[in-house]
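Both complexes below contain chain A, partnered by chain B and then by chain C.
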Partner chain A sequence: MADAAEGRGAVRRRAGLRLWLSGGWLAALAAAALLAPWIAPHDPLAQDLFAGRLPPAWQAGADPAYLLGTDSLGRDVLSRVLHGARVALFVALVAGTLTALIGAALGLLAGFYRGWVDVAISRLVDIWMAFPPVLFAILLIAVLGTGLASIIVAIVVIDWTRFARVVRAEAMAQGAMDYVASARVAGMGRLRTLATEILPNCLPTIGVLLTLEMGIAVIVEAILSFVNLSISTDAPTWGGMIAEGRLSIHQAWWVLVFPLVALFLTVLAFGQLGEGLKDRFDPVLR
Partner chain B sequence: MMFARRLAFRLATTAVTLVGVAVIVFVVIRVVPGNPIAMMLPPGATEADIARLRALYGFDRSIAEQFLIWAGGVLQGDFGTSITARRPVLELVLGRLPATLELATLALCIAVVLGGSLALAGARWRETRTEAAVDVTNGIGLSVPDFLWGLILILLFGVVWPLFPISGRIAPALAREFATNFYLAEAILRLRLDLLGALLAHMLLPALALALPLAAIIAQLLKQSLKETMHLDYVTLARTKGFAEGRVIRAEALPNAVLPTLTLVGVQFTFLIGGTVIIERLFSYEGLGNLAIDAVINRDLPLIQGIVIVFAGLFTLINLGVDMLYAALNPRLRRG
Partner chain C sequence: MADLYSVTGLHVSLADMTRKPLLGAAPRIGILHGLTFAIGRGEVVGIVGGSGSGKSTLGRALVRLLEPTAGRILFDGQDIAHLPEPALRPLRRRFQMIFQDPLSSLNPRQTVGTILRAPLALHGLPLARAAEALDAVGLPRAHLARYPHELSGGQRQRVGIARAIALRPDFILADEIVSGLDVSSQAQVLALLETLVRDFSLTLAFISHDLSVVRRLCTRIIVLHQGRIVEDAPAARLFDAPKAEYTRMLLSAIPLPDPDQPWD
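Right, the complex of A and B next:
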């Protein structure tokens, strides 16, 4: 018995560490993103053709002014990574929240009202599941034109089903419970029951999904800028830097590696934060 | 009887889904600002050019009419003509489809073997450091998407330790050896081990990038259901008969634990195929996904439509197949 208790304690400590590490990285990144205009050592767009492909400061032939080196146009990699964090986190926050709002609202309606609303929304979800998401995103951007707003719209249009499916099932399960029936018997209207009884019980699930969705939004933005369909060709985005780094991978590894590390840690952090929150707060997804 | 009715019902919903996909793609491309003609026009086109192009592609008719004309063509196997390649869309798509199917199949095999082994190891040595290690591996596998795995693999095995080529499907000189576009299947059937080796060297990294997230999902779910099965009486019986633990898991627990994993693998396999779009781009692999991105960038409307429909058809067929396989394998669904 003592062993089991100890084992649980270890699991909880590990989960706690996971939350702290991922939360810590995201907080640091958010700070860096907010302060990027002040802490970035160079203008992320400034080119210096005489300082192209300089290696990071600790390597031979480096210029100490460029801590993480420069890309082929002589732009500072560190400054571009910092400014790229602004784009990544902005998209994560705005696209994630909008997706959650729209997807959860549709899921709640389908799961609580059932009937034709449910049939219509579920059919739509089925159709959506038949689209290859990356291709759909690229197609939408091609139609909408590039730009931050288009990226956000594309993410919302593609990913609302993630929320709708889970929240629908959750609302259905909650709707079948006695407390909902007693609220209705006590004379509470349907819409009010939905808002005050069912929604609060779905919030932990929505929160976890939102965290995971932010990680997905960061990746989608990176993929779109990788195929050169994000903001503009020279705007500092991690995906754009990675695309440039992929071309010069044998000559200048640092152009690829540093934005990749930032992207990797951020996506991992959102994923781990979501999983950690799921373990701690959400009895449904666990 | 039940099976036949289930199949008929699923065929009907599949048809509805495909029509829905076709309508949405069609409408998205035509209704949203920035109409397809504008997408196709070269800079400096005159009014007369615009009018001619509109008439040529039928854009001067109503959207419903356009859709019916296009859908009628599709039903007869005519997906239109690619604007950039000036060749039938169907021909281009069928030319590239084998490369994508082979990549996805290889990735699926890797995922099943890798994920299955991890699950078996985690279940065999449950509540030990091995299981903890499997859990951590799964956690990382689950939260890192294929795009990132692709970049990491390129760095590790293409640059730091250059074991594998990082672009293309096979060296162009060797590509001439093939009679069909199913290179991998052809190399295996003709027992051309030299070609097989060259193909696998090119395909391994992109396939692995696609496989790792799926492997983690398989490992997690299969391990979970294995552990649940391990507590059942008939497994305990096998154990008291004196069978070794590894055998008990493989011969007794596995057949019963596989079913829930199978359904999930089906859905996840469609995600894997969706992932080929960007992974093919990353590895310059000449499949359908790479063609799709080119089509979007070149604003080649008929080609985009054709590719999306083919992908969607593939997705729904796989879902249908998995559903039927599940029904056939699950004794509870076998006839009432």
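Right, the complex of A and C next:
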């Protein structure tokens, strides 16, 4: 019997391609974002009207100094994508984490304590989710004013419900398990049971949601930049670049496509990272 | 005071949420209808009955996982039936429970060591008792570092038993603890319980739907049917001369091995 258990305990799953690819992309992006002021070939704000709409370096008529071409004002697309990553990742990390903390805390309380706590939180979530999210965000930014902090506040205020709902359901399911009854038989207090028994079992769910939320935060930031409600209009953001690129899509596709690809890969990578981490580090084989 | 538990007029009813009107309280369903019995120190009492007879509800009321609607539960002379949780907490060390499904009752994200030490730490007892409890249930101490999913079903149930005895309680409630195990693991766990009852001079209530399991272990048997006690007798007398009709039905439901039965 001991040998059988030995064998089961010895099972260690490999990190998997999913984790390597998503983690690799995000690590490279984080490095690029941190080092952007040093590795970007040009100032992202520097305009050169004589070098406008230059194609990427491998196409005819390109200037090799501008690897991914320039936009209609002659700004370097590569430098702007790199600097845009700073904004995108900052928003993803800060907004994602704050959303997770607030939403998961409310979800845990509602799911574990039930009763009037649950009624109050659940009805609030229902009402909250009836607001159209993008309009809600635009309204909030209109009230708070543009700026990075406003974007983060808008994401947290809108998206905490996503965590609250899912974590509430998970906390309810875990609360019905006998190990919770067992903690009570052992004389453990309610709050302590929530912190030491329920929370660790909800962490994988919260982790997966967190990485998804980071991807959503990147998209929301891009949407708000797209409608010019992010930080100042010149500042390099992926959404802002996509908005500008849209105007010249027939003359200069690269202004639109490169930030879009960066956005797409980043959102995809965040989602896959969550799944990959859960597969790799969850001690419970499912 | 000879009796560890003395239960009088125990009623339990639960709200029927499926028939709750939009406004106002849900109607209540009676589960236990006025049970009166006592459990003496050192007794091993079997609580048997069919599904829905209220045996698990009775068990959960004894360890105060639920609060009875009416009646008294004297534990060592103190009425615990309506004690609020904070007042109950220091007493909880003295009555423990082993659960039916060890996979559900052991936190999957904690090692056996963490699972065994948490109750000890709560009651300020030496943590070394975790390892001693594993010795007592016949598991190697190396299992302290294992997670529940790394153990077999029988081993998991032993961890559940170790957690209960580590606190050195006066009373243990075992709720259908062998029904999820295969027959050989069942026999091992029952043998282990017999030893532990002797070594730790435990008082044990053993809930089961299976009279043949109870027969081996218990000195006295309480038969429940639809929330009422239909028979309460020493084990030997109950098996030899059952008084209640329902007990006779349960007894006749025990499958007996028939060596002459052909295989086809």
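To be clear about the criterion, the second predicted complex is superposed on the first by the 259 of 286 C-alpha atoms of A that agree within 3 Å, B and C clash if a C-alpha of one lies under 4 Å from a C-alpha of the other, contacts with A are read in each partner's own complex, and residues count from 1 in each chain.
As a convention for this text, a residue touches a chain if its C-beta (ideal position, glycine included) is under 8 Å from a C-beta of that chain, and two chains touch if they have at least 3 such contacts.
Since the model is a prediction, treat every value here as computed from it, not as a measurement.
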| Counting only touches as set out at the top, which of chain B and chain C does A:A30 meet: first, second, both, neither? | neither
| query | After superposition on the shared chain, which partner residues are touched by A:T196: those of chain B (first), chain C (second), both, or neither? | reply | second
| field | Which of chain B and chain C A:M177 touches, first, second, both or neither | value | second
| Does chain A have more residues touched by chain B or by chain C? | B
| task | May I ask you to decide whether A:V185 touches chain B, chain C, both, or neither, giving the answer as first, second, both or neither? | result | second
| task | Jot down the residues of chain A that show up as touching in both complexes, chain B in one and chain C in the other. | result | none
| said: Using the touch definition from the top, list the residues of chain C that touch chain A in their complex. | reply: 63, 65, 85, 88-90, 92-93, 95-97, 99-101, 104-110, 118-119, 122-123, 140, 143, 146-147, 149-152, 154-155, 163, 167
| field | Residues of chain A defined as touching chain B within the complex | value | 7, 123-124, 126-127, 129-136, 138-140, 142-145, 215-216, 219, 222-223, 226-229, 242, 246, 249-250, 253, 256-257, 260, 263-264, 267-268, 270-272, 275
| note | chain A partner, complex, touching residues on chain B are 13, 16-18, 20-21, 24-25, 28-29, 32-34, 39, 127, 139-140, 142-145, 147-148, 151-152, 154-155, 158-159, 166, 270-271, 273-275, 277-278, 281-282, 289, 292-293, 296-297, 299, 304, 307-308, 311-312, 315-316, 319
| message | Quick check: in the complex, which residue numbers of chain A touch chain C? | response | 1-2, 4-5, 8-9, 177-179, 181-190, 196-197, 200-201, 283-285
